[in-house]
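One structure, as structure tokens, below. Some questions next.
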Amino acid sequence: MTPTTPEKTDTPTPILVVKDLNVVFRVKHHAVPIIKNISFNLFPKQTLGIVGESGSGKSVTALSVMKLIDTPPLLHMTGQILFQGRDLMTLSNRQMQPLRGKELGFIFQEPMTALNPVLTIKDQLVEMIRNHLKVTRREAVDRAVSLLTEVGMPNPGQRMRNYPHQLSGGMRQRAMIAMALSCNPKVLIADEPTTALDVTIQAQVLELFRTLQEERQMSLLFISHDLRVIAEIADQVMVMRDGKNIESANVDRLFHSPIRAYTRELLGLIRYQ
Amino acid sequence: MFQSKWTYIGAVIIAVFALAAIFAPWLAPYNPYDMRLAEQLSLPTLEHFMGQDANGVDIFSRLMHGARISLSVGVIVVLISGTIGITMGLVSGYYGGWPDTILMRLVDILMAFPGLLLAIALVSVLGPNILNVVIALTVLGWVSFARLVRGQVLSVKEREYIQAARTSGQSDARIMVVHIFPNILSPVIVQATFSVAGVIIAESSLSFLGLGAPPGTPSWGAMLSEGKQVILEAPHVSIFPGLAIMLVVMAFNFLGDGLRDRFDPKSTIN
Amino acid sequence: MMISENILECTDIIKHFPVRGGIWRKGRNRIHVLNGISLTIHKGEIMGLAGESGCGKSTLAKAIVNLSPPSAGQILYNGRRVSLDSAREKKRFYKDVQMIFQDPFASLNPRHKVGGIIGEMLRIHGASPADTENAVLLALKDVGLDSSALDKYPHEFSGGQRQRVAIARALVNHPKLLIADEPVSSLDLATQHRIIELLKSLKSRYDLTVLFISHDLNLIADFCDRTAVMYMGSICELISADQLLTHGRHPYVRALIDSIPISDPRMRMKKRTLVSGEVPIAGDLPTGCAFHPRCPHRFDPCDVHTPRLRSLTADAHQVACHLY
Amino acid sequence: MLLYIIRRLLLLIFVLFGVVTLVFMLIHMIPGDPVDIMLGDHAIAADRKLLTENLGLNQPIHLQYASYMAGILRGNLGISIHSKRPVTDEILERFPASVELMFGAMVVALIMALPLGIISALKPYGIIDNSSMLISFLGISIPNFWLGPLLIILFSIQLDWLPINERGGIEHLILPSITLGTAMAAMLSRMIRASLLEVLNEEYVRNARAKGLPERKVILKHALRNALIPVITIIGLQVGVLLSGAIITEAIFDWPGLGSLLLDAIYSRNYPLVQGCILFIATIYVLVNLLTDLTYAWVDPRVRLE
């Protein structure tokens, strides 16, 4: 999957279209715009990397696609989020539920806090599977085991009976990924999935993301503050800075001939190391 | 915000009661010991707008003098037990080791007695009077401060600015006083406020049981205890002292709640 | 820069923490965090200490400054055994040896003004108010802050500025040895770059010796003269920093280097030798070489004998691995 | 988990040992001659001699302590002065009444606190939240020795729905249980609200929603289950408030429980009985705390599988 091919996919219709997304938070009685007119497309089987420093609004963008931003602090959200042509903005929370996890998978940054500490990995996996798929408990458990194997969890049958606090950082993140993939979502959104990991584990997880995407032909929205990680994984890149889309481009063009000064500055910093 | 206006209301109520307590001898319309048996249990009238108790004493005057006892006991006990508790908690939390284990085991033992039980036992042995109440409540009170401060110190002392202080060559004592203490002060102040409320309830409970202020003294608990005997024919004798206790205790609870929100914004949710 | 005698010598530093295993299994289950570290730092050099989380690099730093004294082993500062029993000894040692920490938001007392935070370091050594005032202003200027910072509280500064205050505090008494425990890890890239430049200039101006701890091999390679790489409580390789990324020999060090994401999509990670598995959680040390369960080049002696640091070439490049 | 239990049991034995020692010292803190105080100064010499021997006050202190401890191990808490009956029997006679009252108060507390706490966390700053905040403030602030008489005035005198005192059927239990349970209900609802609000902000709750689970399941299975764990410890501690509050509530309603037995013993200077009651109540509290700790450890896997 080399990034050199300019247009990743042949079919032009994107699976996810975000148009003029505006998100405003209420902070101490006044409205603070967090996301300002963000637009991007995500094509099937493509990885879109969103990069920006902390506070650039990249995580809020990811959460807005899932419509998971709580009120407070959310004041209002405008624009369009078209998933397979259907505008999620018009959907109520109840209507969003069948999509979340089934069509749109989400992976959080801190696996330690994103897994329920009092439920085993097996419970949390089986719960998700049986919530979306009409399968017996037995089938769900088997599916869970195969998922954990797919994400590289050693002896999954035994491991999955553990609680999150009994697993290492890498293992927990693999469990998170297995959970997010359990119902074969068409789009997987990963919010800084490797930031909390050591560099050797991060490399393993990035490799896992690449193989999974190829085997499962799914689209990936990958959020990170680290341009080097984006270089390893993304086909298309959007650079964000305090809520605005500074520059969007194919990963190869962005790294070799960046247009905006801010992008060059970011690239300069990592190349210096 | 719900809390903030109630905090000020709390502060105002406390101020009013404090003034009543300080200026009781001058402001109170009647002498709290002046018995007029002829007018016993009379309902509120213009002269005695809270009525008179079983001995014909003006209830409002007794309440004002009662404020003096309740508030002073509350403040004194919290000040003494606070000082003891903070010092023990600070030293034991900072140094750890066997002094810490000894303190914690002592705390475990004292904590094994539910709330008032030990106070009741101590007062029943030492003899029922206000001084013994103060002693008993102080013996109990310092434990909660020690536990709170020890817990705070254990978390603060791992912070990097304390490790920096420990590598600056200054003495442990200075680190505790200059660096640790200011950073554990806010939860202690919040605890102190709630403790005053707790002590006021404890003092009046003991007096209600006849183990605190002897009958006849202008203590809210004693007044309620007397009121219980005549509850059928003169309920008003119980109503007013109970109201006073409730108002003061609620005021301190509001104040404590508000202080906690102001000091620890994260906790505004509860 | 002539590197003469040693400023700090650690020999066989061991540190283990008792696990609350209960009364019976007291002896058996202890987490071994340092398993015999011997390290010498020459006067005037920047010594790197690299490794992933849990390898014990911060514990070693804390052992050196006696924040958490080692369970065994010896530390010599300027050839003399470090003993901090009396207040006088403590003052003398901490005048020469200072430490800066990772989290700028936690390393400054939130209730003290910046003037007090830095001034305190001088008052402890009995400086007069006038001298203190001047020294603090000088220290602030050294780190690029002006006198307006004196009366401000830490929460009024950005992460980068706070780290500058921490550096000013550490250097105001002109120490000889500065231990920096991941000083820039929690800062964004641009600020990291500026703080590293600041440390470089202060190091040369005050002829400091620095022990620089980081998990970022690129940063170590650029900033340090020499570096040790740690894995599960022991040093697996000692190498000059500029050769780290190119001449690292130990399989774990090779894996670390291969794992660093490369900032060029064209060199995207094909199937480079990725190390498998992870550091065991409970810290129960594998027999022989600690890395053998995850090592692609494992062979017979690896899980039996623990390899010792052996020098490979003239310039004191040492590796602890049976392959060499 | 086994180690946790063993450690807790060892601690329990130590604490009980400390409690017994403290209670033993109580008698020796009486200013003046304990026998005079207990029997009053006009008692005849025979009774005085009998009491002195009975309490072993004529022996050196360490022997007294040893025999006291030995007695306790055999379940003998000495003889009650006036009734001349073993203290243990008098205590066990009154114990069921206290348990009934405590149970009633606990039920009242949980019925009030659980719904109020949960709803006000799910709809913060709503009407229910604000009103429950006010109610809980009232609950904490109204002393039970005022609430009791008020309830009596209202329900017994004015409305005459409920009997005033003595123990009997359920209707006798209602007012005392409410009096005793309100303070606990107030404290508990605040704790449940705080704990649930904190858990609702956790990432695993947001993750549960991201998994597409229905909101009902997110709240019940993920949020509430984690939120109620710390509440267990608080319930354990609140039992202490109930135990001491029961003493007063029993006094108000003449409820024939341990509390009123203790008070009568104090008023009549019957120190062996005072000693016995205090020791018994404290032991109950220590055992309840142990039970709460073990339940907490069992429910929270992070502790269970330490």
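Just so it is clear, A, B, C and D label the chains in written order, and each chain counts residues from 1 on its own.
The rule we apply is simple: a contact is a pair of C-beta atoms (placed from the backbone, for glycine too) under 8 Å apart; a residue touches a chain by one contact, two chains touch by 3 or more.
Source: prediction; values computed, not measured.
A.B. asks: Using the contact definition given at the top, which chains are in touch with both subunit A and subunit B?
C.D. replies: In this structure, the chains that contact subunit B and also subunit A are C, D.
A.B. asks: Quick check: which two chains are joined by the most contacting C-beta pairs?
C.D. replies: Top-ranked chain pair by contacting C-beta pairs: B-D.
A.B. asks: Where the CA atoms of subunit A average out and where those of subunit C average out, how many Å apart are those spots?
C.D. replies: Result: the chain centres lie 34 Å from each other.
A.B. asks: At what distance in angstrom does the C-alpha mean of subunit D lie from that of subunit A?
C.D. replies: 51
A.B. asks: Using mean CA coordinates as chain centres, what's the subunit B-subunit D distance in Å?
C.D. replies: 21
A.B. asks: Among the residues of subunit A, pick out those that touch two or more other chains and give their numbers.
C.D. replies: 166
A.B. asks: Please name which positions on subunit C make contact with subunit B in the complex.
C.D. replies: 62, 65-67, 87, 90-95, 97-99, 101-103, 106-112, 120-121, 124-125, 166, 169
A.B. asks: Under the definition above, what is the set of subunit B residues touching subunit D in their complex?
C.D. replies: Listed in rising order, the residues of subunit B that touch subunit D are 2, 6, 105-106, 108-109, 112-118, 120-122, 124-127, 197, 201, 204-205, 208-211, 221, 224-225, 227-228, 231-232, 235, 238-239, 241-242, 245-247, 249-250, 253-254, 267, 269-270.
A.B. asks: State the interface residues of subunit B toward subunit C in the complex, per the touch definition above.
C.D. replies: Contact set of subunit B toward subunit C: 159-161, 163-171, 178-179, 182-183.
A.B. asks: Write out the stretch or stretches of subunit D touching subunit A in their complex.
C.D. replies: Going by the criterion above, the answer is residues 202-204, 206-215, 217, 221-222, 225-226, 229, 299-302, 305.
A.B. asks: Quick one: which bits of subunit C touch subunit A in the complex? Just the residue numbers, please.
C.D. replies: Subunit C reaches subunit A through residues 52-53, 188-190, 192-193, 215-216, 218-219, 222, 255-256, 258-266, 268-269, 274-279, 281.
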